[in-house]
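Same chain, two partners: chain A is paired with chain B first, then with chain C.
On to the complex of A and B.
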């Protein structure tokens, strides 16, 4: 196992290098990059000198020139950028004029909480759903659930989100829910429980939008793995020794099927951190996804680059963690 | 496409054994729901190909009456101002139609049937399409025609005008002075108008072209990259595999929507850019699937025989191995199509997709108003339903295809 982990870690190095180079190149060759911040302080007339100064700072920041203003070649640029990134100096946002790390620190908890709640809801529905459909394989309830969850999966969130918001958070129709943000304005006067209740009240619609599409995939996977486990010899043994069917199902089949969930959960972790751009944009939630989106609109390339960087490193790490956890949970699984 | 239209249903019973794809087609099209999905998607593709003839402000033909010094003249405004892309798509539609006619008639003409079976006919028709399409594209000049033909017809300045069923262009605005913006559905505009006074129905139909175009082109790009990478890694293995799989991991590790947003932010928002971006970010799944299949296939006897008979590598890979390993990839491509339609709509909804005034279902949803203040649900209903049904149809079709090729369910039902 140790050899396997070491091997995996070694194989991650070229992937990381290639991935960072890709991100570096995408941003480096972006048209109009070196014109710097000038284009973003729109409306403010700048003197030629101020513009030039800004451009110089920009070029220095992107490692396009060295201290004396001489141009640096591409490979060295990449190495310098990688070095400063590895030292923990992520870029600085052009729009917010703040380090990207600070921005991420502000927004990560927001996204993480919402997605964690959404994930819990998805599991709460999908686990029983998968179990029930597997036990009624081929019957009406199985096919009905399959079709219904696939239909939900196909329902575009841009439509459902805007329609929910348009009907249920709109003085024009039903003004039941708040239309934006996560807190009321008077949070200062609230007791702790009121505060939590206020928060939950605000995230009802976003949560609805983030969960409904997740049922299909997860239930289908659970159903598949339960069906597969039902064919196994140990189930026949358990039944043969006279265990009640419920014990066979819950203690034996279900527990073994949960092993597959480790993989699924691990694979969805990066999405949890990344946040949903669309949902956060529709419901005006200042999370990671919205940060990525607003940076895209304002062409705030350092932010985009670093968000993608953080996201992909986390993805790679979580894939590795999945394999290790799988081995820990089921020692029969040995990687070579 | 030819394989599906050569459905074995109309073959006489107890003839030669059905080919594999014949079995798959029979099993696939048995449920009514799948047939409905296929019909819906076929109609959508037809609309996408032929939309200038369905929703357009220009008449197919009209007669300019004689005036002093001029004889009466027959004009063809719609055909005169068809864009290059529309011409090419029209020729494609004609070629597909011709192919369908030839195939459906071919059982009376054994010679043609043999040609079609050897793909000579299909290749010839495709070739003619490409040649005619590029000829027209080369000879064609785009021009802007801002003439309001409906008003001309009403005032008798043109006569015998034959308008398309939806007589509005996708970018044609009602004059502001008439106050015909954000209209409810009416006799004049069957699905109402949007905030710029443009006909909703016309824009919905034109949006089908964007959705289908982005879906199919992006997935063809993704399939091309994925199949080549997957085939090479699966066939050669070893160091080749290690290097190319790092590439796969690299692309995979970056969250997809982030990656697309990054590319869109950096490189343009033209519709073709979006097709390419969705394509080059979405091929990794196909590569992985095909790689696994090729690992399985490459040691089978027939592959060894093919290699041993001295065939060139590409022939072994793509002629002999690919047909046996491509089915899971095709299933996945069905889901990929649904995904691409969703991604395009989402990008356009967020305002980083296609540029106005191009009609996209996503941007139409966006222009249905700010949901928190003014929400015009009847404007959101059309595009929303169309995205939903299209994505659902692709997903259902892909899932049924997966069930149809699944060997464990072969004997059942």
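On to the complex of A and C.
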């Protein structure tokens, strides 16, 4: 197993190199690089002289030119960037003038909380949902659940988000939830418990939006694997030796069906860190999604590169974690 | 199968319960500590309020000796008179012994009370709050409460009046401006505002390492800045320039004691350091809001609100709902929202609704590339303008909440020539003009001249659905006259690159405004070369001459006459299709009083107050 892990880790290096180069190239060839995507200034209402000075500063900060103003070629730029990244320096945002790490620190907790709660809710609903629908295959409850979860899956989040906002955070209809942000304005006067309650109250609608589309996929996966396991010989054996049906289902079938979940969960882990741009935009949440989106628009190169880098590293690591978990959960899986 | 509850399971369960219990206890403990902190901070608040009352008392004593008046104390007449005169040698001298009070200020109103918070929306999270470096509109709004400049603009007369400066003196040739700083003025950290701070602010602005290139170019004409004693600053200029006073008088004054830096990079990176002499102090900036608190040491009239909070809600629908739900105190609605709510008596009776035009508003336009053969003659350009019914655009797409433009100057600005009327919608006359310009209808239903069909492309920013709608409307109008315009939405930066490289026939954009604009940047023929802002290549010798005359003319009346002539030339040539300038719209929570628009800038927050009974926050 150890050799396997080491081999996998070593294999990650070329993969990462390829990924970073792709990333680097795509970002460098985007138009409007040194004008900050035109977002820097309000419109183009600034004199040519200012634009030029700005461009020179940008070029120097992006390491497109060296200290004397001579252009650096693309491969060299990539190597320089790689070098500083390997030394552990994530970049400094050009727009915010703050280290990328600080920006992530500010935004990650928000995104992580919402995504973690959303994921928990999805699993809490989908696991029993998948089990029940599999056991009642073809009956009304199976069809109904399938229909509704698929219907929810096909609702666009931009529509549902705006609708929820328009009806449930609107004094003209139901003023049940706040329409924006994560806190009330007077949090300073709140006790700890009230603060938590206030926070939870504010994230209800965003969580609803991140949750509703997730039921269909997960429930269908679980339903499928349960049905598959029900056909297996060991189930017949268990039934034949007289075990009660509930034990057969929970201890044998359900347990084995959960193996599939390892992959699904593992793959969705990197997704926990990336916020949804649409949800964050609708509910005015300042999370990771917005950071990535605004950085792209303003061509904030260091932020885009580092976010993508962190994302790819996490994805590779979670793939590895999935494989290891498989081995731990199911000793039949051997990699060597 | 061994399914019993073993000792191991028992220990695990107990441990789990213990951990959960400990967590709950810790939360309770945290809650308790929090309560204590809140109690303490309310005590501190009371102390602060007492300090505030004492400050007010002291201010009154300083102003009027020991004759203390009842009521709010800012209204007494000053014993020294304001001076505004031109000396025999032509020097302009303005001296205000006391800072000018805002017109319609609330201090003498019977139910005036200090207190409460003002919660507004910034719309977009500022990227940084560093003075000079920050460019977002939101940052400017926040800085406006915290930092001050030597002069401030009077909202009614639009003139620059002494503020941190007690007086200023402009030499007859306009090449030297002397400011004397008010001795009372101090920063929120207690340090007095001195000439050295002004010099420091100027040097910071001019430091090439500081990220403020767009602002720095305005200071290009400043030759030197020097201090005389502790309270006098003298700016000298290379050329006379009509904006000199505005440029140096409007410079934010930073406390050197706080902002001192060795390397410019340090200055750029202090995104959360905002200190100044203004009525409010920067308190904190969390992900969703920026909090300003009253500056208890403020040297001028004590501000009304205890706190000003800026939230960040990007979605206009959410912002309006937050306003309706009382989470925001003001909301600038979208035109469609305005039209919807203004019809509901229940809404208008319980909210203040204001619609106004400000002279600082920008305008939308279509720029023609005059280098292209189809746009090179003014008859064709005038005809294109006549083919588009701007009143219909305003009525349909802007819900009537905009004004047509006749030239590059805002209708409310003194720069605008009132004798020029917008070109009327007249397709018949447009056809005549097109014929006179040499265009003939071809068999394909498209106009031709010199063997070339009248086909062109218009570039527009893809993020703005409103502009897309207007362009589609224009396309239909042009098609009726035999002109084939294709609409090409582009991402903003791509569009700007195309404009900079002059690879366009026409484009749709907006310019941001100003009270008195310098036309040089957009209209002088010298601004075409080197990717300048005169992208369409407007090249008119007479206009160039007027621009350079106007820039050097220090007499306001004479300068306005020059701008009026300049505008007449632009109107005659029609290098742009000038479209419209939008009205500013504002909804304000009803608990605020004295919110009526003042002068030409609309409602001024500094004038608002909440009577004691209606106050919402402590």
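Quick note on the criterion: the second predicted complex is superposed on the first by the 301 of 336 C-alpha atoms of A that agree within 3 Å, B and C clash if a C-alpha of one lies under 4 Å from a C-alpha of the other, contacts with A are read in each partner's own complex, and residues count from 1 in each chain.
Just so we're on the same page, a contact is a pair of C-beta atoms (placed from the backbone, for glycine too) under 8 Å apart; a residue touches a chain by one contact, two chains touch by 3 or more.
Predicted model, so just to flag it, every value in this text is computed and none were measured.
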item	value
Touching partner for A:184 - first (chain B), second (chain C), both, neither	second
Touching partner for A:53 - first (chain B), second (chain C), both, neither	second
Contacts of A:282 with chain B and chain C, given as first, second, both or neither	both
Touching partner for A:255 - first (chain B), second (chain C), both, neither	neither
Chain B versus chain C as contact partner of A:236, first or second or both or neither	neither
Partner chain in contact with A:95 - chain B first, chain C second, else both or neither	second
Partner chain in contact with A:110 - chain B first, chain C second, else both or neither	second
Partner chain(s) touched by A:169 [first = chain B, second = chain C, both, neither]	both
Partner chain(s) touched by A:299 [first = chain B, second = chain C, both, neither]	both
Common ground on chain A, meaning residues reached by chain C in one complex and by chain B in the other	31, 162, 165-166, 169-172, 179-180, 281-282, 299
Interfacial residue positions of chain B with respect to chain A in the complex	242, 246-247, 249-250, 252-255, 257-259, 261-267, 338, 342, 345-346, 349-352, 362, 365-366, 368-369, 371-375, 377, 380, 383-384, 387-388, 391-392, 395-396, 399
Chain B contact footprint on chain A (complex, rising order)	11, 14-15, 18-19, 22-23, 26-27, 29-31, 147, 150-151, 153-163, 165-167, 169-173, 179-180, 270-271, 274, 277-278, 281-282, 292-293, 295-297, 299, 301, 304-305, 307-308, 311-313, 315-316
Chain C-touching residues of chain A, taken from the complex the two chains share	31-32, 35-51, 53-54, 57, 95-98, 106-107, 110, 162, 165-166, 169-172, 175, 178-186, 188-193, 195, 281-286, 299
In the complex, chain C residues that touch chain A	27, 30-31, 34-35, 38, 41, 117, 119, 125, 127-128, 130, 133, 135, 137, 208, 211, 213-214, 216-217, 220, 268-269, 271, 286-289, 309, 311-315, 317-319, 321-322, 324-325, 327, 491-497, 499, 509-512, 521, 527, 530-533, 617-618
